[in-house]
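Consider the two complexes below, in which chain A is the common component and chain B and chain C are the respective partners.
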Partner chain A sequence: MIKSTAFDKSFPKEVMAEPGGEQLVVCSSCGTCAAACVVRQQNPEYNPRRILRMAALGLREKVLSSEEIWQCSACDDCYPRCPKGIHISEVMGAIRQIAIREGYTRPGATAQVNVNRCVACGMCAAACPYEAIKLEEIMIRRSPKRVAQVDPNLCAGCGICNAVCPSGSISLEGYTDREVHDVLLEAMPPDWSGRLLVIICNWSLHAGSDITFAENPPEGVQVIRVSCSGRVTPTFVTTAFDRGAEGVLVVGCDEEECHYREGSRIASGRLQVLGSLLDMMGVDAARVRFTRLTSLDRGKLPTMAQEQQAQLSELGPLDWKGTGGRS
Partner chain B sequence: MVDAARHPNIEILSYSELLRLDGYIGNFRAEIVRKPRYVIASNCTGCGECAEACPIEVPNAFDVDIAPRKAIDVPHAQAVPLIYAIDMDNCIQCYQCVTACGERDAIDFSQEPEIINLDVGAIVTATGFDVFDPQVIPEYGYSHYPNVITAMELERLANSAGPTIGRLVRPSDGKPPESLALVLCVGSRDKRYNEYCSGFCCMYSIKNAILLKQANPEMDITIFYMDIRTPSKGYEEFYNRARAAGIRFVRGRPAQITEDPTTHNLFIEAEDQELGEVIELETEMAVLASAAIPSEGTDELASQLTLSRSPSGFFMEYHPKLRPVDSPTDGIFLAGAAQGPKDIPASVAQASAAASRAARVLSSATWEIEPIIAEVDPKVCISAQGKKCGICATACPYGAIIVEPGQPAVVTQAKCHGCGGCVAECPHNAITQHHFTDPQLAAELEALLDDKPEEKILVFMCNWCSYGGADNAGSSHFEYTSASRGLRVMCSARMDQDFILEAFRRGAGMVLVSGCHPQDCHYITGQQVAAQRFDRIPRTLERAGINPERFRVEWISAAEGEKYARVLNEMQVKLDSLDPEVLREENRTAEPSLTSRLKRWKLVPEMAAILEATKS
Partner chain C sequence: MSDRGNHQDAMRAAQTLAEMQPLLRETAHHLLSEGQVHGVLGFCETVTPGVVTPCLLRQPSECQKLVLNTACYHNLAGYLVGPDGLLKGARAERNAPLAIVARPGVLRTLVVLLQEQQIVREDIVVLGITDNTPIGLKPDVLLGELDRDFVGGSQHEELIARLQAMSTAERAAWWNARFAQCVRCYACRQVCPLCYCEQCVVDENLPQWIDKSDSVASNRTFLLVRAMHLMGRCVNCGACEAACPMHLPLGVLTTLLGKEVQTTLAFVPGSDGTQAPAALGCRIVAGRGEE
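Let's look at the complex of A and B:
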């Protein structure tokens, strides 16, 4: 039992005084947000409704010290569904602001900058959906240098910055270039005889049959997972070709449902550009396809892979001269 | 009320009670007692000087007994008519009021109860509701802990004309509370006390919470609820306003309220279902939203007006959807919470509807009634021969039959609703029901059991429930045996024992009698009359030599098509298990006995021919 002494009755007011937190007490705990939540599908312990309820009751310490408040990626799948019109990610943001002031920090992987390599081009800052990256002047070996700096409390860990960085100086923990390439090489050993590589965003896997497919792909297909389709770089594709793959299928979320707001849109654009580059190299652009596995497309992953395999059969064997070992 | 008092066509008889009601729609005669006020109404100016002079103080019921009133007083400041009355149970007859009244000379200790006889055409019953006393719920500590109060008490404490001039204070120390909890569904939606939802507690609790919050924005207010029910226009918006105002809503019914004996603060234990954990909330005051219950005297009034009551105890309407303001007795209408808990807009709407229904009666020179009424044959009725009977009058749910010794029974046609209960009950077949006469029904029986009767299941159905159930079974495409043959009468009360015996005499394989569930009976108590009769039938059949398993009684509502089909299929299984040869033999042996039991029936005109016709 939670004793009455555990309640800080001023906490709801504190949250509501914070920008974004105004609607906290309007919540009637219908649970629509929890049912719509993508994070909850991956982590059943997480429940945005419960966090709002704890905050509204005034369970201050419990809320602020909870790891759950950091898990919302502000994808806003819940917001348009909320019958009370509560912008839940904003309320969560308000709670986080209080937590940050109280000295709590976001747990989990964030983007890291190699300040020595960073050239302050600003592409990462422009691409970040969370405005977590800023160009700042810092002192390196007693001399000032303008570099990208990540605010770990704002970074949601999508890795979009990692994919856009032209100098390879910003990387997402757990999905660094090296780490992903190691996974690719392991998935496609030199004696691999398959034809299709599927790169799938962690968050677009909802249905059991899709998850089974990803975990036990059929003959001739390999599947790797990334934090977000926005993390996919052209080198993942060329590495696959180097390893004998004849085509690649990149699977992301619906644009509206993207867990990291912009990742799916960025991936779609990037792969289009890659397509025209491949064309120039004499490789049919249809070999690399970007597709969206929306929440309405549950269970369609195997079909999508089959279609791409059929496409590859039509195109015939790939004449790949390699990238000269750059990847 | 003031408008009503001033209206030339409205006479208010306050402080009066109905003693007796006779007559029927358009022609009621009400005997009313007007209690003595001991104050001459025409002399009283309502100045209140008598009350100031009165030395006796007693608990004030209008203030839920939390404030005093004098032994001479008005119920409340806005009372209509504004005439003082002496409470003789508490008056010590010191006559100080007489002195205070002085020249107005309004006090009259010699007043006696006055009997008034009124001829009225229609009656509207609007006797309201009472509030459930939460003392009987041990876990909430009402009356043990001073700071646990009821919503009615809160209403008076927060009222600017109330005993604290609108200043809400804690009964324990007289200090205004900084925190307060409102507990909903106290004694309602609770099988231990009242199963129904009281309907308006959610809204008035939210209203109280908002008012208190407006008076003191810092007050910490919590509402404990099971469901918030805000179905009417603008209600949900009001509820949202309360949430936005920072009133805490906890979904969870408190299991226990305990008290800190030094501070008299309360600890409320409830599961916050939204959190999934039990919480203990400390609060300075708790307000219980007690159930609305039928008002005292509902039972008495029900028997005076021939009204029926729902299982909840409130007056029952004629039909829940189609005639929601009519009572089962023509010319008597229902309005407000007397019919069931309802809030002010719904009460006003129902009152307007009841008034216009009543006006319809008053403005009609004639009144159309159902043609299916009962009629007594004065030559056959034994009461006319000076014998004691009156069985028909006992069976009539409407009090429509008057039996005077030495006179034949008389049916007041305007009161008769045509259930046919008296017809079936009359031991001398002296009463008939138009359109459902014995020869007509016997002829139907004859036709239904014309061919291979031993393979048939004869079903007696009442018009309102089991016939509807059969219809529902058909329209829902529930399959049931094709051996069934239905015979419809208005009420199960019309299902005379003679018909059941006649069905077996004609060789029916099985007989089912069906009607409404007791609380659903369209004719108030028709089902009860029938049920008592049917209880005796298995023994009668057994004595005649018929296997009583061939007879069945089932109460089937109009919504229970599934049950209708199931019962018939079960009966078919039973029938199949009986050897047809044994069945025929049973019928042959029982025939003489059954025929002799139907002896008296032959006296009914045309019946002899019908009974004779099929003897072969």
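Let's look at the complex of A and C:
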């Protein structure tokens, strides 16, 4: 039970005074956003309609202290569906700005910079879909150095920066190079006799059958999960080949549905170029495939893996070690 | 030959390196004696005929040592960046910029380094040689115009066509024979002006993505990962191939990479200084790269 005395009537005005927040006034709480929300599919507790409703009612502390306001990754799947045309991620951003001023910080993993290694090439800053990374001069051991700096309140935790950093200076907690490498080695031990590694974006796993497949892959297939397909680097692929895999299937979201805006687009382009270079080196490009598990493709992951396995059977064994046969 | 014809000859930009050499010496002498630059980064003769060495000249009297010929293939932009880069350190310590001799490939490299904010335009005076390709940097002094750069670029078109006509197995055999020769000296990485990371992924132990022993698989991975780290950045200057002691055809990979980047990202590194850097493929045109 919420008492009307708990309402802070000035809070909706405060939100509407922030850039983007003015749209709060037109929300009619229809809930279409919640039906379209990618985050909600993973975390049923999350509900953008509820947050907007609470903000409009003036439940100031409840909204600002809520972890939910940080979970919107501005994928904007709800935006075109909202009958009132509310850019909900902007309203969420306005609420977050107030929360930041009130001293709240984003919970959960964000990108961390190793300032000793960073050479300020700016790849991460250019790649970040959230403009969370800036190059700044800081003092290190009493001398100035230009390095990348992450605004933890803007970072959504996609790991695209981690994949794009040539010097390995920026990493996403939970999906750092070391952590992913360990996961890869564990998934494909030296005696592994499988042929296919599936690398799947956490957000593209919706259907129960797909999740079951990812958790208990069939014989010959291993599955690892990443924060976003944009986190996948060529080294994941070469490590799989080193471990005896004959093909890699990277599964991302539909370009329009990407939880992190740009991730699946980046992955698709990067893997395309990787495939061409591998093809030139005598490793069929078809061994490394990028595919999209869209919200309309629920339950198709097992079929996609089977298709890639069939493709690998057709291509025959891979002589990755260059010894003329598998050794 | 009439006077007019001679006059026209004098007006047109030099088209051979030999023609450019006197202008280079004269310009370098002028810049140093006027104090407009604190040094000139170029090439000098060595005691061995036909072999040149990169040199940094600080005295006007030394400028007669400068040479310009097809042996000057080294990418001098590499000396500007990295932990020991000539432009590193407090800018106030140098009261004048540094002049650099730049063939077309080096000019494009400078564009990428400027985009990646590794160098500052005011810190360099570019003594440039252009060719018929788009270059996103106007030299401060134009030494001349070549038909095409004498190293790098699309020197491997024929070989690439021949390799692409082969079957995958034939191509694998062709490349594996070459990967087997790689001694992992990392000369390609050392000379690359864009490999300015202070800690390289191949030297990394935790995690060790790339096996350090020189097997076919690990050498392939090394060259593949190096190419991918240059995606949307490599200007195909030819420095890596020229430096390779085993004469591996690294230009095939850099040329192919350039082509792929052009089709997937609609981006030619170094061709336009106003564009945002491609950031290893994060600037991809929507709808492209779909399998």
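FYI, the second predicted complex is superposed on the first by the 321 of 327 C-alpha atoms of A that agree within 3 Å, B and C clash if a C-alpha of one lies under 4 Å from a C-alpha of the other, contacts with A are read in each partner's own complex, and residues count from 1 in each chain.
Quick note on the criterion: a residue touches a chain if its C-beta (ideal position, glycine included) is under 8 Å from a C-beta of that chain, and two chains touch if they have at least 3 such contacts.
Owing to the predicted nature of the structure, the values given are computational and were not obtained by experimental measurement.
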Review point. Following superposition onto chain A, is the placement of chain B relative to chain C best described as a clash or a fit?
Key: fit
Point to revise | Contacts of A:I95 with chain B and chain C, given as first, second, both or neither | key: neither
Check your understanding: Once both structures are overlaid, what angle do chain B and chain C make about chain A, taking C-alpha centres and a multiple of 10 degrees?
Key -> 140
Point to revise | First, second, both or neither for A:A214, with chain B first and chain C second | key: neither
Exercise for review: Please indicate which partner A:V26 is in contact with in the superposed arrangement: first for chain B, second for chain C, both, or neither.
Suggested key: first
Practice item. Identify the partner contact of A:R50: answer first if only chain B is touched, second if only chain C is, both if each is, neither if none is. Key: first
Review point. Who does A:G282 touch here: chain B (first), chain C (second), both, or neither?
Key: second
Point to revise | Touching partner for A:T291 - first (chain B), second (chain C), both, neither | key: second
Review point. Is A:D242 in contact with chain B, with chain C, with both, or with neither (first, second, both, neither)?
Key: second
Study note, to complete from the structure: Of chain B and chain C, the partner touching more residues of chain A is C
**Study point:** Touched partner set for A:A111, first chain B, second chain C, both or neither
**Key:** neither
Practice item. Quote the smallest CA-to-CA distance from chain B to chain C in the superposed model, rounded to whole Å. Key: 36
Check your understanding: If you lay the two complexes on top of each other, which residues of chain A touch chain B in one and chain C in the other?
Key -> none
**Study point:** Residue ranges of chain A touching chain B (in the complex, touch as defined)
**Key:** 1-4, 7, 9, 12-13, 25-26, 28-29, 49-50, 53-54, 56-57, 84
Check your understanding: Of all residues in chain B, which touch chain A in the complex?
Key -> 220, 240, 243-244, 246, 248-249, 251, 267, 269, 272, 274-282
Check your understanding: Which positions of chain C touch chain A when the two form their complex?
Key -> 116-118, 160, 163-164, 168-176, 179-180, 196-201, 204, 206-211, 215-217, 220-221, 224-225, 227-229, 231, 252-253, 256-257, 260-261, 264-265, 276-277, 279-284, 286, 288-291
Exercise for review: Give every residue of chain A touching chain C within the complex, in rising order.
Suggested key: 117, 119-123, 126-127, 135, 146, 160, 164, 166-169, 177-178, 181-182, 233-235, 238-239, 241-242, 255, 262, 265-266, 268-274, 276-284, 289-291, 319-323
